[in-house]
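Let me begin by handing over the structure; questions about it come next.
Chain nomenclature is as follows: A, B, C and D, assigned in order of appearance, with residue numbering initiated at 1 for each chain independently.
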Amino acid sequence: MGQKIVKVMFIGDVVGNPGLKMVDLLLKNFIKKYSVDFVICNGENAHNGKGMSLESLNQLLEAGVQVVTGGNHTWSNFNFFETLKTHPQVLRPQNYPKGTYGKGYGIYKIPGGLGDIAVINLQGRTFMYPIDCPFRTADWVIKQLKDQVRYIFVDIHAEATAEKIALGWYLDGRVSAVIGTHTHVQTADERILPKGTGYCTDVGMTGPQTSVIGMQIKSAVDRMLYQTPHKYECAEDDVHFSAVVVTFEAEKGKTVAIERIFYPEFDRGMS
Amino acid sequence: MGQKIVKVMFIGDVVGNPGLKMVDLLLKNFIKKYSVDFVICNGENAHNGKGMSLESLNQLLEAGVQVVTGGNHTWSNFNFFETLKTHPQVLRPQNYPKGTYGKGYGIYKIPGGLGDIAVINLQGRTFMYPIDCPFRTADWVIKQLKDQVRYIFVDIHAEATAEKIALGWYLDGRVSAVIGTHTHVQTADERILPKGTGYCTDVGMTGPQTSVIGMQIKSAVDRMLYQTPHKYECAEDDVHFSAVVVTFEAEKGKTVAIERIFYPEFDRGMS
Amino acid sequence: MGQKIVKVMFIGDVVGNPGLKMVDLLLKNFIKKYSVDFVICNGENAHNGKGMSLESLNQLLEAGVQVVTGGNHTWSNFNFFETLKTHPQVLRPQNYPKGTYGKGYGIYKIPGGLGDIAVINLQGRTFMYPIDCPFRTADWVIKQLKDQVRYIFVDIHAEATAEKIALGWYLDGRVSAVIGTHTHVQTADERILPKGTGYCTDVGMTGPQTSVIGMQIKSAVDRMLYQTPHKYECAEDDVHFSAVVVTFEAEKGKTVAIERIFYPEFDRGMS
Amino acid sequence: MGQKIVKVMFIGDVVGNPGLKMVDLLLKNFIKKYSVDFVICNGENAHNGKGMSLESLNQLLEAGVQVVTGGNHTWSNFNFFETLKTHPQVLRPQNYPKGTYGKGYGIYKIPGGLGDIAVINLQGRTFMYPIDCPFRTADWVIKQLKDQVRYIFVDIHAEATAEKIALGWYLDGRVSAVIGTHTHVQTADERILPKGTGYCTDVGMTGPQTSVIGMQIKSAVDRMLYQTPHKYECAEDDVHFSAVVVTFEAEKGKTVAIERIFYPEFDRGMS
């Protein structure tokens, strides 16, 4: 009798070399520990905190990641645009307008003969760019996928909690999981929605936490104090690993368990 | 010998009557369970999801809350503005410009002779309104408070994670805790910063969770699908209680423990 | 020998009763003075400064307007939504998503047997709402219109000058005119683009000029000083009429003349 | 008997080398033609369209400009920040927070013994950055200037028409003129407000008009079509000169005449 579940790990925004090293260091252990079958990772900040590069993509793939999703920062490194066309393992949000480099969803084989999984990368618009509607784009992709896959994983890269939550309800029962990225802070609202879709507003960042969402503290504070440009420099210290593991049942592809990972834990004292 | 610690509970954005009832129902038990000495609550959505009213303020005070903070929605109900002047238990963000109704910080007695605590309410500006600088306003208030209080609690009501985290670092070692509100989603990043300030990006909402941050799902999704106005209607179902409990040591007022509360827990299945 | 030209007047955002009265008072004279064949008017602020009503629509039509365009404020009055469906003389921006009330373009007969004119209402997205792309929507509408009309008039309701100008260049040679609304200030850049499209960034407001874009000065200034809500009240004094007259040649529908009207003139002293 | 008036020319956002050359070519003739006593120029886009440089500053000064104001793009060229400290002829918006490089107002001698003029550079916040309040900053500067100067000229660099107009009314009778910049499109609303302040929402750009506010058309359109970064490249063709000339009477410094200049005129055909 075959395996009845599939476990997917989704790693949140990997920031710069500190984040890449952390993934390289820990991922294989986590895969074993959590019996993970498939790994997805948001990489929009992998290249020094801004965008991706072929090198950072390769590092993630070698570390054990199968699919790398993106976001608004995917466009920060012009040199990466060609790679978006040539490498099916890397996605950018699907709801960028037709004519944009690369693609926003793909169907991938889960190792071990566990079937196929579709990964969809979407981006929100509230406080971000007026690209195509993520809700209708999701409808369209799901229609394309019809009957081809049992498992559908959605990375919703967005700023506003309301937009992510609305998408979760909108897709409940139609996809396996809707997990958010972009804010670089892990939220504690992981849950299984009533019709079986796993949901979490944000996975959080895999990167240096003595920072302001990955950036050196002084520059980040100065930007706010003076509202003038201050050079982005990737922070380096106190690197943590942020991820979510979702367990899908094999019959309908619904989420039967969702678990957050944040490692190592922050100092919370003792009450 | 006297008590060496003070425990403060901070309840996140209470939404409408469902949220108010939840506070009324659970707060006294939580106070006992966690040995809480002082309760602060963000109430900007208490009046049907939009602003406050004298009635909702009284309900919170009767339920056991000592100080009610606000945010951008404080201004949603014109009828409440006078109450801002007459009731020292209610605050609005201090960094609204001089000339605005009400005040944004206060000094309060902790019951049981445990000394005084200052509560400061601040609001972010990223993706919000261009009010006064929350960083410099914090500096100014802290200077006013000099030597008057041992404990200083900051509610930073803001949208962007970067702005809240930056304020946390900016105030580390100068206040007892910096806890965020406004996004209505609890974050999992509660921690004690290196110099002793308790920090959490967002406490999350105390209100109906079968909703989009408290609003009925259909209206909220329609707003995003059509980008036209759809009447705000407060949701009602699946009410949860969101809070953070911070423990301050009595000598310097630093945080020695920080703990999130989300009750009841969401369905997360079993891995 | 037939008439070789068609003259279209486009009146900018009519604000409240003061604006409606001004149109009623002056339009027929202006039509005569400028030999106008067809009148279009942006009415998004006709109903007390916020949205439209059936009554204000009728007032505009009776005053001599043939088509009334809209904008973001079209949605400010819920009671008007049905009228959007029943009255083909009123448009709302076409690039609101499918499923929105009303329509955003129409074909209308020019009185005097001068042929048909299409009017397209579009809305920008920069600093506004993330609706469908106005550029691609224009492409789509133009395709629908193919060979049905000689004259195409576009009202681009937008905030950012860059977005309006970009649309002007994008449509140059494909439509008769691209004229902007929404900022309530008339711009002095009316021109004929190289391929024959008439262009002006904004027609300006037809309404009370002792105001802040139609609103009473004190409330408007207080909104900026305090960043809190202050009741919108329509101003009343110093009403001016703002319009543009474009002259199209009859063969290809290109603009051969463009002229701004602002009446009465402001006091500019004497140099 | 001495001269009873002072004439000030204000040149709108000079864009790149095309704009600089235009100023060099035409300014001296315009000074003669309009009997201009003092020239102010917004230079935030002088350095290849983005920020300023010492070289572009010198070119403007040599061409006959006395004071160069700035805006949000002042910060686009890091190399210029030192010059902000060393050259009193260059200003940046005064309402950037304390601690920012440079200053935002100055008192300057009008050649010919015509007395002193203060120039104040302010920046709006709507759709821009949450810097200090431009209204209150204006109050503060005017207080500093008390009795030192007869003429006060304000460059309000802002996006929203409402914010500029509100500032005009707010300062009416307290300064000689409030003239806007930043949108790069000249507005036709130049006027003398009731208490004697000259006002115009935007002077417009001195730069290449076969462009989108100075940028090459294709890149600008692509930015809007795809919402991804496209390299800013300064356009080159069809350069126009945009300015306003205000005439102040010598007793109280009020505006007695205001005139727009846009040279050469656009093609407007013949009605």
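To be clear about the criterion, a residue touches a chain if its C-beta (ideal position, glycine included) is under 8 Å from a C-beta of that chain, and two chains touch if they have at least 3 such contacts.
Note that the coordinates shown come from a computational prediction; the quantities given were computed from them, not determined experimentally.
The minimum number of touch steps linking chain A to chain C comes to 1.
Interface comparison, B-D versus A-D: the higher number of contacting C-beta pairs is recorded for A-D.
In this assembly, the C-alpha centroid of chain A lies 45 Å from the C-alpha centroid of chain D.
Annotation: 29 Å between the Cα-based centres of chain A and chain B.
The residues of chain A that reach two or more other chains are 97, 126, 129-131, 133, 136, 225, listed in rising order. If you draw each protein chain as a dot and join the dots that touch, every dot ends up joined to every other dot. Chain A contributes residues 75-76, 78, 96-97, 99-100, 129-131, 225-229 to its touches with chain D in the complex.
Here chain A touches chain B in the complex through residues 7, 34, 126-127, 133, 135-136, 159-163, 165-166, 169-170, 183-192, 201-202, 204, 212-213, 215, 217, 220-221, 224-225, 245, 247, 255-260, 262, 266-271, going by the rule given at the top. Contact residues of chain A toward chain C in the complex are 97, 125-126, 129-133, 136.
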